[in-house]
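First the structure, which I've put down as structure tokens, then a few questions once you've had a look.
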Amino acid sequence: MATLFIAQHNLEAMLERLRRKAEVHGPVRGEDGVVRFAELIHGILPDLSAIRTLLPPKKYLLHPRETILKYTSEAGYQLPSESVPPLILFGLHPCDLAGINYLDRIFLGEDPDPLYAARRSALTLIGVSCTPDEFCSCHLYPSPLKALSDLFLNSVKGGFAISSGSPRGEELLEVLKDIVEERDINVPEDTRRFFGHAVSAQVRPELDATLPEWQELADACLGCGACSLCCPTCSCFDVLEFGGLDGRSAVRVRQWDNCLFKCHAEVAGGMSFRKNRAERFRYRYRHKYRGFGPLQGIPACVGCGRCRVVCPAGLDLRPLAARLEEITP
Amino acid sequence: MRRLRLAIAGLTACSGCQLLLLNCEDELPELLEQFEFHFFPLACSPALLEGEYDAALVEGCISMPHEKELLLELRRRSVYLIALGTCAVWGGVAALRNGESRELLRQQVYGQSPVASETFEPLPLQSVVHVDAVVAGCPPEKEELLRLLADLARGVLPVDIDYSVCAECRMKENLCLLTERDTLCLGPLTLGGCGARCPNMSVPCEGCRGPVPECNLHKALEIYEQKGFDRTTVLARLRRFCPGWKL
Amino acid sequence: MNRLSKVDILTRVEGHGSVELIRDGGRIVDARLNLFESPRLFEALMVGRRFDEIADIACRICSLCSTIHKVAALQAVENALGVTISQQTGLLRELAVQGGQIENHALHIFCLALPDYLGVSGIQELATIEPEKLRMGLRIKKRGNLIQEIVGGRAIHPFNLHVGGVGKVPDTEQLRYLDEQLVAIRDDVTASFAYICSLNDMLPQLTQLPVCVVSGGPPLFGDRLITSTAATISASSAAAWLNEQVEPHSHAKISHFNGTTPFMVGPLARLTASLPAVYAPYLTDASIRSSMKARIIEVQQAVERAQSLIRQLLDDGLKNELPAVVIPAKGEGMALVEAPRGVLLHSYRFDEQGICCAATIVTPTAINQGAIAASLKELITLMNGAEYDQVRSAAEILVRCFDPCISCAVH
Amino acid sequence: MNSHLPIPAVVAAIRPLAVDTSLLTLHTEPGHPVASSFLPGQFLQLSLPGVGEIPLSYCGVPSRDGSIELCIRHVGHVTTPLKSAAPGDAVGVRGPFGHGFPLSAYAGQDLLLIAGGLGIAPLRSLLLTLLKQRELWGRLTLLYGARETGALMFLDELLEFQRRGVIELQLTVDRPGYCINGPPECRVALLPALLEQLALEPGRTCAAICGPPVVYPLLVSRLRLLGVADDRIHLSLERRMKCGVGLCGHCAVGTRLCCVDGPVFSFAELAGIEGALV
């Protein structure tokens, strides 16, 4: 079958062409050994052997901490008027693409979040196929989430089979014309196959709070928050307002939050709807495997494995999920 | 906004939390305009308590009888009393060996002379007076102090932090010094708010902000033990800033 | 009969102390410095702690001097354990110390002492009558802090300095930025120098006291004490020579210098020991009333030194070194450095496991107690018959000239 | 309209309703949906500049002139400084958000309104709305309980409705206390006790409930005992909310979001869900 192909040795040239369009970011291994999405400046190649970055690409769409409103007594509340320059994310794995798809469904719903929407439309996504490791579980959960990308690179011998998934992708192919060739190759089924299955939004039985696993998880959890902070689909945020010293100005900030933190479900007077960590674990579980609100029935876990890799206590929800969601691996 | 009348006082401490205010070089001129630093012996003469204060920011722990009196006096005169810094909130470094004989420690320094025998085991402010808000840290962050002042000017107290240093460290996408480098990083047990200042520079958190609410000491000790740090070492480290850590 | 007059709390100095004026009838005949700050017993707190905790604890002695305490403690620990540090680490430490020097002196000059010269009560009034002078001082102060932040990680209680090395080595960009920032305050420093030198003396000329400084290393560093009485004391005998003793009226131990007259330490002492010719015309009177001039000279020196350190670090090329590996061992070590306020000594003894079994810390303000007492006596004699308030205020200004750091002195 | 951006509003009046609760009247852009088109049970987000933003139920009825009534209990970071708000102070509002009480389902039915403490806020809005077209509904009963007599709010108004015979009113307090106009006819009992002697026709009764979470389980089980079906019991839930529009993730009840799927839920939707009633 004739497929578009780009040779491994043309990767540098490809990035060079992309850089002419916009800033390009991809997985880069730092001096400390941590792989992060960072700018691929001239001379730096993305680390395509890395299975996952520490923080997922959500950091580009929903900053860990960002100003969402500014206030002055003259102008009242205003949305920040920063312009969002175009950005190309290179080397996203299918799980991260599906993660972005999940966030899109939340933040670009009926009432799109202005900051998210602006950043999202400035973003071009270039996916690349990968080989899962023992922490991954992308193959476990059928999901209606789609690993959508503008361009997708499927690793084949000597290079990548390249395909576009959007008009923006088509445009990029045009730019890459001279380094892309047509070849007759067998493209292996890429990992994208694990996303795109429909699941029924069937209502599953309420979680059994008496299972000993909840308490075991609660006892072992440090409450450090790493699991959700590093999760591509965890998007809880806290909102804080800081007044200026002048008494006339203020900024409203949102900051990543975590359902395992003490105040997550607290209301005025110190009353909490999830007083202990076991209840909070069920909350996290429900979100990850059953979804909330308009997304109920859609598992939020895209199987990237980050929560397991970063957990200092080595916690893993997979066995429980396999049982409770009746998933056969 | 009304011009608040403030008292900034230091008890047993290193003056760091007061210096923090003077270290806000960019904001200081504005602060001096917006607030009346009526009692602030470190930078204003004379040291006289007079009338009422909208807020008293108190640094340090209590270890002398006259400090207790000063603290009670500040409490009586102030609408809000804020414990500023780890010494005021938890006891801090001065309380490092609380629980051991104060007299023996005193003798190690002063020998048989009765000098300083009126002093006693350092206490956090809460053990003597009601405290309206706390700002932990040895020292706290400038931003926290500035925010506190902006909040006070609006008649509110700062919102409490409920997450650990790890949470901020993860948001910064740092290498985890505990899981990847097997160091004794106290981040998981320590109250956040510093923006993971130390791990940002690859230095393990020394726990200078005291315990985070609901921290899981038991499990943390188990993890540290697996990395080769016995319980006594870890507890001694934790008590560097907060003598209250117990198994 | 001698009667203790009102005890006045000292303000605009670090820590808690007072000057007690002693009256005989209507006359004030004597004055006594009382450092009643509560002791935290640092020397006892450190016993039982591992070698790698000592400096982290030591820097908490005082926030103003936290960098210098940290560096002194690290050197003492390294001397005890036989650890050698790289040249780069040495230069970085020196740089941090110069940052502390700039910050401390700017703090003293512009926030604490200048109000005396302008007849106001403190920084708040200063901000209304001389806002531009204050801002100028704060700009200088800020750069001192910036150095400490970039090298030490934090202006107060730097955490990036460790036994054997540093946590994160600053990068080229950061050092270049620092240099730019120091260039940016050159005019401020020059203007401050001229301004401070133009201020009228607030005190009568007092006898110049003998001085004692650290010597034998780069600026502010060394391995011995030298005195204006031509004595040289090695680091290992420094503690004995300083001869600190407990006295009932002070929580800070008092040096007895083996029976000789008190020595003065600090900026004025350092400049007395070696005054560059360019500054000679500005420091004709080296009695304690000239301490502000001495500090502003030292600010200028520190900025220059910091810039040359940065240049050297950049020229050598920054290396991402890891701290030296330390093997705990039995040993004893001491270090002498010049803190902003003068000679600082840290000394520790460790057992085989590297656990601290004894600690001795001698701070400049503790050493200066004798000099302060002598100066107070002289002042009172000179002011014989003056009004109580006049004497009181002169005494406070005099004490402030020493820029006492009482948390350090008592520790 | 951008539901993420608060629009300016000013405090028009503020008056104490009880020791720790005030009625805040705001004035905002006339004709803006935040003031002109909401259903009882819906809520808005009120911003106090420099301090923060909180969810509050509408306490009055929609207005064309841009006025909004809110009943605020002064309990924390944002609500406490609001106590000293003065006419002319600038605030921000955005909304309306969530689902209110299902008015269309209430047509022709007997309505039993049960308010505990501050829960009177949305139920007053519901009551005022129902009374605009009194003829559309059957019996209107309000059961209203508070900590003490002094904490019963809107009493004049409620007693007037009772006097005019448009509603049946039963009051109860946990303990007696001071009341400006002398003690009203009032029981000393917990709120669910009012249901004990209540004659109602379960087949044509709908219950609308708002109160502290602790009373919900007992109220619901009493109503079920009286034969009221689960889908005829509506509860307004309170949760921590930061955004009000389904993004911030704090307010889920089971897999439903309180801000967009609620805050008013039928008990049929909540039965068996962990933490729904607490």
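Chains here go by letter, A, B, C and D, matching the order in which they are written, and residues are numbered from 1 within each.
The definition used in the following text is that contacts are C-beta pairs under 8 Å (C-beta built on N, C-alpha and C of every residue); 3 or more make two chains touch, one makes a residue touch a chain.
Given the structure is predicted, the values throughout are model-derived calculations rather than measurements.
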Inset, instruction - Tell me, please, which chain's centre (mean of its C-alpha atoms) is farthest from the centre of subunit D? - result: C
Inset, instruction - Determine which two chains are connected by the greatest number of contacting C-beta pairs. - result: B-C
Legend entry - Mean-CA-position distance for subunit B and subunit A (Å): 37
Legend entry - For subunit B paired with subunit D, centre-to-centre distance based on mean C-alpha positions, whole Å: 42
Inset, instruction - Please work out the Cα centroid separation of subunit A and subunit C, and write it as a whole number of Å. - result: 52
Legend entry - Separation of subunit A from subunit D, taking each centre as the mean of its C-alpha atoms, in whole Å: 38
Inset, instruction - Mind pulling the residue numbers of subunit D that touch at least two other chains? - result: 50-52
Legend entry - Multi-partner residues of subunit A (at least 2 other chains): 240, 242-244, 247, 263
Legend entry - Interchain contacts (touch definition) - all pairs: A-B, A-D, B-C, B-D
Inset, instruction - Name, in rising order, each residue of subunit B that touches subunit D in their complex. - result: 150-151, 154-157, 159
Legend entry - In the complex, subunit A residues that touch subunit B: 30, 32-34, 36, 54-55, 59, 64-65, 219-226, 229-230, 240, 242-248, 255-256, 258, 261-263, 277, 310, 312-313
Inset, instruction - Using the touch rule from the top, collect the residues of subunit B that touch subunit C in their complex. - result: 10-17, 19-20, 22-23, 25-26, 28-29, 32-33, 36-37, 40-47, 63-64, 67, 92-94, 96-97, 105-106, 108-111, 113-116, 119, 122, 138-139, 197-198, 201-203, 206, 208, 233, 236-237, 240
Legend entry - Residues of subunit D defined as touching subunit A within the complex: 2-8, 47, 49-53, 73, 75-76, 79, 90, 92, 213, 238-240, 242-243, 245-250, 252, 254-257, 260-261, 272-275, 278
Inset, instruction - Show which residues of subunit B lie in contact with subunit A when the two form their complex. - result: 1, 27, 30-31, 34, 146-147, 149-151, 153-154, 159-160, 162-164, 166-167, 170-176, 178-180, 187-189, 202, 212-216, 218-220, 223
